[in-house]
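Okay, got some structures for you below.
Two complexes follow with chain A in common, the first pairing it with chain B and the second with chain C.
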Partner chain A sequence: MRLKAKTAARINGILMFLPYFVLLVMFAVIPIIMAFNVSIGPSRLSPGGGVGNYLFVLNDFRFLSALANVGLFLAIYLPAMLIVVAGLSLLLDTISSKYTVPLRLAYLVPAGITGSVAILVWYFMLEPSYSPFAPLLAEFGLTEGTDIFNTSNLIYIFALMAFFTGAGNWIVIQYGSLQSIPDEVLEAARVDGANAFQLAFQIKLPMIRKYLIYMLILVFAAGLQIFVEPFLISSSVYPGLAKDWSLNQLSYTLAFTGSNLGAATALSMMLMLVMVGLALIVIYRTDFFDEAVVKTEKERA
Partner chain B sequence: MKIRYLSGLALASSLVLSACAGGGTADDSGSTGSTDAASAEGANSLLIYVDPVREPACLAFQEKMAGEAEVTCEVVGQEEILTKVQLSNQTGEGWPDVTFNPSNNVGIYQDPLNGYALNLDDYVDPAIIEGYEGSGDWCLIDGSYWCLKNDLAQTVLWYDTVIFEELGLTVPTTMDEFSATALKLEGTGYVAGAIGDQGFYAGYLWPSGCPISQVVDTDTVRINPDAVECTRVFELVQPLVDAGVLDTRGSFDAGFIEDVARQQNVAMTIGPSWWGEFVIRPEDSWGIEAGRMTAAEMPTWTGESTAWSGEWGGGVWVGNANHPNPQLVADAVVFLATDPDMREDKVTFPGYGPAFKKWRQRLIEDPFYAADPTEAMVIQAPKIRQTERPARFDLRGQLGVLGTEIQGSSDVEAATRTFMDGAAELARGVGYTVVN
Partner chain C sequence: MMNNSIAMQTRRKARLRPQAIPAKVAVWTVMILFAIFSVIPMLWLVLAPSKTQRQLQQEFPLSFGSFQGYVDSWNNLMVFQDGRIVDWIINSIWYSAVQVSVASIVALLAGYALAATRIPLRRTLLITTLVAMIVPQVAFVLPLFVEITALGLYNTAWAIILPGTFFPFGVFLSYIYFTTTIPSELYDAAKIDGAGDWATFFRVAMPLSWGLVGMLAFFSFQVNWINFFLPYVVVTSGEVLTLPVGLGILFSSTPALSPQVGANVLPIRAPEIALAGMMIAIPILVVFVASARVLVRGVLAGSVKS
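What follows is the complex of A and B.
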């Protein structure tokens, strides 16, 4: 009887996983294999194939600057996300429930703007000739578009765009994870004399820690691949301003204007390795999935 | 443990999927074309990619060929064409059969490793080529024609007759005179144009003969910022920038348009032939008032006997070498590039002589111009300096770096060197040997 139930559970599990597995093979595994084959195939400057395309990318004059750009961008974007999202979701969790619905909506609205639209919105807000905040910008000595849209400011501009399009979603999600903290725990802390700050920093924050880490990893994955913002701003608004600014842009350029698909796929494979490495860290070096394991073992017993 | 493994796999794959997504946006837009293209295969069908401006020409061709060939017109931005052709090269099918391209693309398509461009020599009547009177030679690579010019974007000297009269200026015929004239604008609020964009390349470096994309042979390109043809540009332009009579913003910069151009403060500017109808005149662009502007010939650089032009734009029509019926492809290229009726009301200067004559008439009679601007355009048309040639690296993209650097530093020499160093790296990256 027990054996039968186990088999049924296994079949159910397989059935539920199957649709995902099919898509995974079609749109991830096969493209990755194809990309890998192209990346070790021959190209103009690496007729023998092998690691030649990888070395070509690593030696490309744009590679290091793109890496530095993305690195600095992440160094600003990730802490900003972590601090603001954790802070605002904690605040949202403390206030009276009649305000949370409109506030949650308010956080979500900016997230409705995608990266491509954000370019236009921020361009109009930051370009002194169009901006409704032009007098304010002038106070800071910013009177021409090029005072703002220049290479040294790009990291901040993209971080700003990414932050405003991404933070709202995560505030609401982390608010959700705060809601999952059992009331008894909070009640017990209050009885023990914890004030609002202690409650936030010593009880709530540690309890949603793993969700924050999970967010950081997904945000890192998205940030590492930043493409649309620099691509659009340098293809239309300020031609060339952020050309090959990010690693994904460099990959795109190599493929389509550099006629070097081998090098482009080599770069993509390297980015993928970083992603897989991160995923493995999340799985094996954090306790993100531990709870699930404990629960199921309990259920089995 | 199994659950842990499965959920781990799910997370890993979602990260991997998201890793593919960034690059995927471009692929997605690219692949739509290929699927449509599949239906247009066959000896009597043609798939034509045009930008919105060129769509009427394509529709006219479609109508003309009704019953004889199945012509599909698809509007695809100029920026995307190269991407789509590269994707088709990768999949080995689905090429668009005729495409409207930025001029430098032909250098990439003509490369045997790419192989997209159809050699037009055997399929185009030599009389058509002769009709260009040499101004279509951009398309002449290794002794064959690989494209037909849609329009010429030769630079001319645009100037404001009202300001010139007010200040008692005469139209400069040499670059030294240009510089002297520009310096007379100091303190008046008037400027001699803006250089923080492609205009500095098209209007100064190229006419001077600065070797940036000087293709010597299939494997060699000359790029040398130390050449006198480059250094004389730095020496002439920097004092004008320092004096504030050349704006370091771009000609399309919102601030420049608002603060300078729309205030009717552009005394003169070197710019391509299409600027009159597309930049100087439109209300929502520079909005220069009627009766002020006209065009003069390019000033000559010291030591040169010819007043050379550069080019900013000037699209080309390219045919697909993989099509089973190359004659049909070539006929489409010829119609799209040269049909006089299709060019009459366009903003750009038709490259093909007979089409140009029809186009010109309209501008001569137009009271917007203080004097006939086409005279100078005609004189400059055969004077597009042929030192700059289509190369298989993306010079057009790299030109953005030039504009950005000029805007950022106001140091034209440093900006140009950064731009040219990048161009040299790009050239090496596609297998050129770079020489001085």
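What follows is the complex of A and C.
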């Protein structure tokens, strides 16, 4: 009887999980396998198949420059996110939470400006003839659209867009984790004579460290995949300005204008490998998901 | 008690210290400035369609034109391919509606299966879900393109809709919710009373999970509503596309952002394109602001004790 119930529970579990499992196989596992097969299959440039497509991408002159662009973009974007998000969430945490409500709502507003809308809005924000920030831009000697939209500024423009899209909601999220620090810990530190700075840097910051690392990894993964912003700028607003600027743009170009799907999938497989590696680091090398996974272990035992 | 009153005294002292005042002012200045910078772009976007092209360039950037301005901008936008914008709006709405409902239901069931049933290979399935959740969607675009073409779904609505129903983050969120927020004794009690897994799910777990359903709908709407890369790659026909991709088309085929394109043919300039952008941004803004609290709990699921 009991055995029968256990089997039923197993079957029910499988049935409940099944719809998701089908989607997982259909839209994650199979596409990766198919793309991998294309990437090692024979193509125009590598008739023998194998690693030919991978070598082709790695030797393509556009690959290194795209990698450098994305690398520099991340080198600006990631530290800016870390400093501003940590800084502002700590500042928010110094005042009573009822006064922070309007500020937090304001910080969430730019989250609506993302993807193609981000290009639209930031085009107007940076174009001096339209921009509400025109006086500020003029302070920096930027009075013409072409002063701003040129190749040497692209990294800053994309970093600015990505930063504003994500910073606000991460501030709200990190503020949320600061609020979950037990009051006793903070009171104890205050009784010991810690001032606001010591409280922030020696107590609060270490306690939200893992959330900040989690944020950085997610932001890094998303940043490495940057596509929409350079693609739209370059395909419409300023034709050719950011052509093949990012790795995903290169992969797009290879697939759809160079009709070299083999090389395109090779590039996307290499990016996928980095992504899965990062994911495994988060899971096994940080303690972010420990609680969730440990819990299952206990239940099984 | 004792400790508390001492702490209160020290805090009060800190508040009265004169050198603390400039610090407070500095803190508030930084926070308010950042808030202003955060709000201005959206404010501009919402105000822009109320003005004419000329007003946009000559008047104060954050001034209001007139309500008629919105109507005019809309009418001009309708000129583009005989009202193509309406197709895009309708598509965006029904695609997201299907994606949000399917993704949420599937995630609820799978999360519950991981949390409260004797499903085999639980740990493996959970780790796989975590990996799929951390890898950004964009990474799957080209592989999905290969698959969609092979399946013959290229250039159909399903090519956009189906991949958007895969929602590993939702499964993880549900799993966390069903293991932490609902005490496991509740499931056990239902089972002792003779309820099966399905009855427990529908009669015990679900009625306690409307907050979770809200979170799932919020996060899946947020990613699907603005998705650009995949729809752009798997669909070419204008009548199958969504608003964000449509906006991209407006960039390249109207004089709004690139005056060299058909300047005399189409009445689509900055106010019109801002209206199209506003229709994408406002729903996202509304769901974000409406669920600010949910956002924090969702993203930090599994690591912050609620």
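In this section, the second predicted complex is superposed on the first by the 259 of 301 C-alpha atoms of A that agree within 3 Å, B and C clash if a C-alpha of one lies under 4 Å from a C-alpha of the other, contacts with A are read in each partner's own complex, and residues count from 1 in each chain.
Note that in this section contacts are C-beta pairs under 8 Å (C-beta built on N, C-alpha and C of every residue); 3 or more make two chains touch, one makes a residue touch a chain.
Note that this is a predicted model, so its numbers are computed, not measured.
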item: More chain A residues in contact [chain B versus chain C]; value: C
item: Contacts of A:D60 with chain B and chain C, given as first, second, both or neither; value: first
item: Touched partner set for A:T94, first chain B, second chain C, both or neither; value: second
item: Touched partner set for A:I32, first chain B, second chain C, both or neither; value: both
item: First (chain B), second (chain C), both or neither touched by A:N248; value: both
item: First, second, both or neither for A:L261, with chain B first and chain C second; value: both
item: First, second, both or neither for A:G145, with chain B first and chain C second; value: first
item: Set intersection of chain A contacts, chain C complex versus chain B complex; value: 13, 17, 20, 24, 27-28, 31-32, 129-130, 217-218, 221-222, 225, 227-228, 235, 238-239, 248, 251-252, 255-256, 261, 268, 271-272, 275-276, 278-280, 282-283, 289, 292-293, 296
item: In the complex with chain A, residue positions of chain B that touch it; value: 1, 3-4, 6-8, 10-13, 15-23, 25-26, 79, 82-83, 86, 90, 108, 111, 113-114, 196-198, 248-249, 253-255, 257-259, 392-394, 397-404, 407-408, 422, 425-426, 429-431
item: Interface residues, chain A side, partner chain B - complex; value: 13, 17, 20, 24, 27-28, 31-32, 44-45, 56, 60-62, 127-130, 143-146, 150-152, 217-218, 221-222, 225-228, 234-235, 238-241, 243, 248, 251-253, 255-261, 268, 271-272, 275-276, 278-280, 282-284, 289, 292-293, 296
item: Residue numbers on chain A that touch chain C, as the complex places them; value: 6, 8-10, 12-14, 16-17, 19-21, 23-24, 26-28, 30-32, 34-35, 38, 84, 88, 91-92, 94-95, 102-117, 119-125, 129-134, 164, 168-169, 172-173, 175-177, 180, 187, 190-191, 196, 210-211, 214, 217-218, 221-222, 225, 227-228, 232, 235-239, 248, 251-252, 255-256, 261, 264-265, 268, 271-272, 275-276, 278-280, 282-283, 288-289, 291-293, 295-297, 299-300
item: Of all residues in chain C, those that touch chain A in their complex; value: 3-4, 6-7, 10-11, 14, 23, 27-28, 30-32, 34-36, 38-42, 44-45, 48, 56-57, 61-62, 105-107, 109-110, 112-114, 117-120, 122-123, 125-136, 138-147, 150, 162-163, 165-168, 171-172, 175-176, 179, 196-198, 201, 226-229, 233, 244-245, 247-248, 251-252, 257-258, 270, 273-274, 277, 280-282, 284-285, 288-289, 292, 295-297, 299-300, 302-305
